[in-house]
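Right, one structure below, let's go through it.
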Amino acid sequence: MLARLCKINFVATLLEVRDLRTHFHTSQGIVRAVDGVSFDIKEGETAALVGESGCGKTMTALSVMRLVPKPQGSIVGGEIHFQGRDLLRLTEQEMREIRGAEIAMIFQEPMTSLNPVLTIGRQITETLEAHERLSRDTPEARALELLRLVGIPDANRRLSDYPHRLSGGMRQRIMIAIALSCNPKLILADEPTTALDVTIQAQILELMRELSRKFGVAMMIITHNLGVVARYADRVHVMYAGKVIESAGARDIYQNPRHPYTLGLLHSVPRLDQPRKAKLDPIEGQPPDLWNLPQGCSFSPRCKFVIERCKREVPPLRDIGAGHRSACWVAETLSQGKVSSS
Amino acid sequence: MRQYILKRVLLMIPTLLGVAVLVFFLLRVLPGDIVELKYAGTGTYAPKQAIERERAQLGLDKPLWQQFLSWIWGIVRFDFGQSMWTGRPITHEIAIRLELSVELALMATLVAVLISIPLGTLAALRQDSWVDYFVRVFSIAGLAIPSFWLGILMILVFIIYFRWLPPLTFTSFWVNPKANLMQLVWPALAVGYRYSAVATRMTRSAVLEVLREDYIRTARAKGLWEKVILVRHALKNALLPVITVIGLEFAFLVGGLVVTEQVFNLNGIGKLFVEAISQRDYTMVQSLVLLTSFVFIFVNFVVDLINAWLDPRIRYQ
Amino acid sequence: MSRTQNSKLKTQNSAIVEVRGLKKYFPVFSGLFTQRVVGWVKAVDDVSFSIRRGETLGLVGESGCGKTTTGRCILQLERVTEGEILFEGQDLTRLGDAELRLLRRHMQIVFQDPYSSLNPRMTIGQIIGEPIWVHRLLRDRGECRDRVEELLTLVGLNPLMAQRYPHELSGGQRQRVGIARALALEARFVVCDEPVSALDVSIQAQIINLLEELQGRFSLTYLFIAHDLSVVRHISDRIVVMYLGRVAEIADRVELYESPLHPYTQALLSAVPVPDPAVEAQRERVVLKGEVPSPMNPPSGCVFHPRCPIAVEECGQIVPQLREIRPDHWVACSRV
Amino acid sequence: MARETAIATKSFSGFSFLKGWAGVALHFTRRRPLGAAGALIIVIMLLAATLARLISPYDPLTTDYAAMLQAPSAAHWFGTDSFGRDVLSRIIYGARTALWVGFSSSFVGATLGAIIGVASAYFGGKVDLIVQRFMDLLLSFPLIVLALVVVAVLGTGTVNVILAIMVPMVPRCALVVRSSGLSLRQTPFIDAARALGFGHARIIFRHMLPNVMAPFLIMLTAFLGQAILLEASLSFLGLGVAEPTPAWGLMLKGAAVEFAETAPWMAVYPGLAISLSVFAFNLFGDSLRDALDPKLRVS
Amino acid sequence: AAEKETPRSGGELVFAVGGTPPSLDGHRETTFAMLHPVAPHYSTLLRFDPQGYPKIVGDVAESWTASKDGRTYTFKIRRGIKFHDGSELTAKDVKATYDKIIFPPEGVASARQGSYAVVESIETPDIYTVVFHLKQPSASFVANLASPWNFVYKAEILAKDPRWYEKNVMGSGPFIFVEHVSGSHWIGKKNPDYYMKGRPYLDGYRAIFIRDTAPRVAAVRSGQALIEFRGFNPAAQEDIVKTLGNKAVVQESPWVCNLTVSMNTEKKPFSDPRVRRALTLAIDRWGASKALSKISLMKYVGGVFRPGSEFATPEAELTKLAGFGKNIEAARKEAKRLLKEAGVSEGFSFTLKNRNVKEPYEVTGVYLIDQWRQVGLNVNHVQQEEGPYFNDLRQGNYDAGIDFACDFMDEPDLQLQKFLSADKSPLNYGRYKDSVLDDLYDKQSRATNSKERLKLLRQFEKRVLDEQAYQFHVLWWQRIVPHWAKVKGWKVTPSHYVNQDLRDVWLAE
């Protein structure tokens, strides 16, 4: 583990997102789905993007793929550097060549993410064909190999099967196979296990970890559950209302959270490894509407540590040491004890 | 699958029987009687016993249930009887018209397909652009312009500007394709345009809907070409509801083109329908209703088969 | 405080609900002329347990194992195929429509999906007020309105919310409305069908706290259905673990989490993630192989045996019966 | 000065009073300009129909044999027909017939269909099966035959035409509404209503029906256009309303065709009126469908 | 000038028919849609002179004589007439034909049986002679034998199957049957063995069935049909002439067809003669004649007989009948007075039942409603399909209705029949009984003296139209046949039933 951590420091940055802004034009006004998000992913690293529903996780990933739904949504600012190239400056054709080949994506809903009228085999091979990675006759062989890789029994028969005959877990394996097919550098996994059962969830996550290690693929796992990624992530970025509010190494963030929101999140869930509490500590209030953000820090209305400044100024994401970044004015003075005593 | 087909075919029987019962008794409650109509048609007077005699001859003096049973018994043996009005065999009377009606329906459907699928897809791809607006206005105009009106305008234009009229009598395509097409192309265009409206709108909304599906996003994320995404992923799925709509329309066109047939003087099923009803030609109307219902059910069945063939989710049920 | 009183009550009082040999099979149709039944989805297959007055019984299991169906059968939203449901001693399966309708006010349900469990065409006030009005608990519009406001306050909502429509509320607020509706008829027994799993983590805790608080105030009995084991552990007194329509294990909370006996329960517990990388790194995982089989043709013998890490050959032949291994700890496994 | 500001504030407050509706209308117009255009034509039609007495220059029934078949002029903007009746006035009054026939037939038809569809979905099982079979039967029964039979039994006339148009709409609406009813039946709030001990009628009418409003409205607007067209077609076939009632289809029937060359105005204007109104209803209905539910399919 | 031209042989005449034939048996059918395509295949005993209606000439009959007492008629049959199957037509066939018409066997329908009620028996003394014995003298008997419906059938065939002719054609007429496509067309070809040498001129003919007016007019305009024999209305005529210019000619004639208003005399207030009189008085027939003749078939003001026929009342006398006067203002005033007297209030509302046919029924309905509106009556127009319409009229389920009559010749026996007492005439929808009228009818029918007959007819007319106003005529129709000028040798007659065997028709060019 330690070795891995050390290694990361020397590895090059694969993806660098700077001040990304993606907005939606809706009847209520402008929805700032992604509102100045910055983070890095290093080669071979597994990063986690964590946050509540609607905070902009999916849109961040889609922005990286440049697949934000048009015409309502558009990327209005920022930079996305992937292997040194700014993805936002590429032509549509260049971007198409990157999608699937360099960066792959896995979606939340395994039930609807596969085309119901095409066979599994076809859906795998078409990616290969699109990127012309293989000669004419090998795609089937490669597809078969991929299916075996993701642990699908009876792979030969499954190739000519249709998605509706597979269970959710199986489909998610297919999605992983498709994502792996062109040996990408980075896989964006948008809540890959949320729709699955606990026991299946564990299967899929173990599989993903295993494969990413085997092929040295960097991964960004998006989730709303801090528990899910604790075991797998090297680095965790916490999002709240369109912004990354804290990012740090996995151990660091769980043991020494430096943002009241992360702190609250960790405390509000009951934990199996700790004695049962008489009462849970919820974060009071509701997440804000993205088209109508409060002044200053978006979390300030729900924050227990709020100070006057929070209501006026938006705290920047700043380095508070040892690769730990937090967007809180009082990040340094925050302590766990304070929360539990309150 | 074979069992499914067999089941569907057998399920047609009760529906057709229901239609038969309904039409038989509906006709008997219509005021006016075929025999009296036959004689009173031009205001001359027919003696009572002549009317009675004719009624007996047509079997109308028997109790209703007997008439019904003998009719059904005939149909079971594929004997549809004779037209009460002309006395000729119904199969013969219908066959002459059916060829025209089916051909016209096919041609109109073809026109509708050729118009609707490209236009609908285009409109969906360019949603809310002027192309989309144009397609929608064009297709809705097809719905809004009464077909009889369009037909009359066409004929007037032919007559006034070209001193020409499509042939008035039907020639089978196999006998003289040119004469056949000359007669049917115009009504097919008028009707096809009208029916393309529904199909265009269905194509548009189906494509729009499919484009919002998750698997399209997956396809994009794979880095596929837009053209491949459209044809392989979007259209194949979007066509399912479109085929259903087109099928239903086709079923309706066989026998439903009353006004168009009238305007273009086509000797088709629709015209026969109106005449038979106004003449109270019971046996004829019954057979026609049965025929059109059968076409409707049958086309539905075929559409389901096509859908099952295209959609594995249905196929494997 | 109230909790300790409750637990005292629990031991004294008899069961409020008793489920005996419950079976619910959904027919699968096919065939020629008539819709012949070609198979059965055995959603719930011979399930028995009882719920004691004032307690919270947790019901966990994987998706599709029959949790919801069990809950719906208890409330008679689904006619049972076989078995008895005793509510305060009365067998609900034998009651007619009209008799049931009268009993319904005593047992209510809170749904998983806060978005579709409220009629979008009615205001919050109407949604909560309607049952009061229909059951003629109050005959006066004004009183009714007061009662609605009281209920809203009770679940932590602003009484002014009565004028709003569900779509104007957030998920957590709607779930509170759902709870208020369940309380409107002064129900004694509430089935909570995954009431928090659609909510954000930060909101989940609010609702769980609310449910606990209400239980204390009105001495409610809950059947708490969930698949999140940490939540279930937090809220339940006793827990039923289901697998593929059958009960795998029933035990007291502490007992179950500290010494689970059924291999499935063990796997389930080990799969639950803990938000702490340090702990996770040390935890041992029992990752189950394979998928959950279809309830249409469940495996023979013990339904769990194809995935079971400790299965032996005879598991495929004999259906294990629920046995009381320790006091109040029941397991359906022949290898324990 | 003071007066001006007073007026200004007054009009401002008046505007804010209307803000809800005006806002919706404005939003609709911006998002769906085609639908708004349709709505505008419909509003004009409605005005013409309600104010017919005030705005039409002549009585639509008065014949004037001295002024037969006159071309459009200052006295008769749209000319006169073969009885010397003013075409414009007949078109204005015809809007009444069209709207009355259109609205009543499609409203009654769609409502009946919706109730049947919802009830069928709610009860499910045997009830559903029987209702479905019967609707199938009606559907497979040729539409024109139904219309002809109704007219044959009851004769021509507005009410009978309404009936003739309404009958075939019932199964079509029932079909669509049933399918949304089926998914509605599965939604928890219906279960909640049952769990609360509500009666069947209450659940159907108060909980299910209002929630199939979207398909209902869509079917309704689709039917409206169709009904106007059907009325015109039936009148054209001589099965619609009876002369001398002013009705567009009737104006096109016979005479207009006969005189299409010598007096084209007799045919052009009613034809335009039909096309324009059907066009408007479809345009509006389409946009409404898009606005209400992009996933809903109407055939 | 046309008569001077020498006929040219050859060519196919294409004509349009506004309907489709039910059965092919002339004896049972009543529609021109059967007559127009089928008549060219048959001969009749007598016929109307094609160039000189109403003169009656022989067809199968070469000559005929009547006995002094007017009860025996002897016909000599032309020799050498051959059926299309080659066999000779003899007196036997004529007898078989008329036996079928007058004494139809069980299961055989005969539409005009009633017109021959006076016939007692038919005899054939030899194969070229037919003798009709009558029960009493009849003024209209000979004319009735010229009926275009009475196709001469072959006795042998009738003996085998009296209904054979319903579905088959086998006559002795100028054209031989070739093809009939149901609902589409009918083809006949020249009969080379026709008894009249040199006839027919045409090589053949083709009848196209076009039920609707607009395509029928278009067919003539485009030349796909050269003529439509029944006739068009003025608008269609105008269009055709405009398109064809001097390639078209128009033949016009008054028509033995009219529309009448009949009232349910069993219903109040129509049981009151004053009300009925008021209704007829309110109609401006002379105005209508001017206005409606421009847009419809309605044209001639006349009483019970076709204006211009030998039985018609002269205009001077006609204008004295109620509602036929030329001073409409006075008439309307009188009508209002009568209504008031009869206790019918202003704005009284009743229903006018009408056939659901545009031309000329609907036009007339609209006109009448407008006329009655002007004397303060509020009339509701109900248009019905033929079936229910006849049903309602026959059963007395109506207030007032537009009735019509169309005969193949001017003949009091035919035209007066509908005014007889309801128990005598099923065509009388007025439901009244009037023995005076019945008496007058019988007398005129037997009257062999034409002057005396005319007098009786005047009395009849006055009673029906004026005194009792049971039913009254609106207008008589005009027959307008615009056709291609190259169609020669066909002359319009007051009936679209007669002169349709196409024997003399030829095509120029």
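Assorted remarks:
By written order: A, B, C, D and E. Residues from 1 in each chain.
Rule of thumb we're sticking to: contacts are C-beta pairs under 8 Å (C-beta built on N, C-alpha and C of every residue); 3 or more make two chains touch, one makes a residue touch a chain.
Since this is a predicted model, take the numbers as computed values, not measurements.
The pair with more inter-chain C-beta contacts, choosing from B-E and A-B, is B-E.
Of all chains, the one whose CA centroid is most distant from that of subunit C is E.
Remark: subunit A and subunit C have CA centroids separated by 32 Å (rounded to whole angstrom). Our note on geometry: subunit B versus subunit C, Cα centroid distance of 53 Å, whole angstroms.
Look at where the CA atoms of subunit D average out and do the same for subunit E: the two points lie 45 Å apart.
A straight line joining the Cα centres of subunit A and subunit E is 92 Å long. Shared interface positions of subunit A, defined as residues touching 2 or more other chains, are absent. Touching two or more other chains at once are residues 214, 385, 387-388 of subunit E. Shared contact sites, meaning residues of subunit B that touch two or more other chains, fall at 30-32, 152, 160, 262, 278.
Within the complex, the subunit C residues that touch subunit A are 3, 62-63, 170, 172-173, 200-206, 208-209, 212, 227, 229-231, 233-234, 253, 257, 267-269, 271-281, 283, 285, 287-288, 291-292. The residues of subunit A lying in touch with subunit C in their complex are 1, 52-53, 167, 169-170, 197-203, 206, 224-228, 230-231, 233, 250-251, 254-255, 264-266, 268-273, 276-284, 286-287. On subunit B, the positions that touch subunit A within their shared complex are 128, 213-215, 217-225, 228, 232-233, 236-237, 310-313, 316.
Here subunit D touches subunit E in the complex through residues 61-63, 65, 68-69, 82-83, 151-153, 155-157, 238-239, 242-245, 253-255, 257-259, 261-262, going by the rule given at the top. Residues 33-34, 133-134, 136-137, 139-145, 148-149, 152-153, 225, 229, 232-233, 236-237, 249, 252, 257, 260-261, 267, 271, 274-276, 278-279, 282-283, 286, 289-290, 294-295, 297, 299 of subunit D are the ones that touch subunit B when the two sit in their complex.
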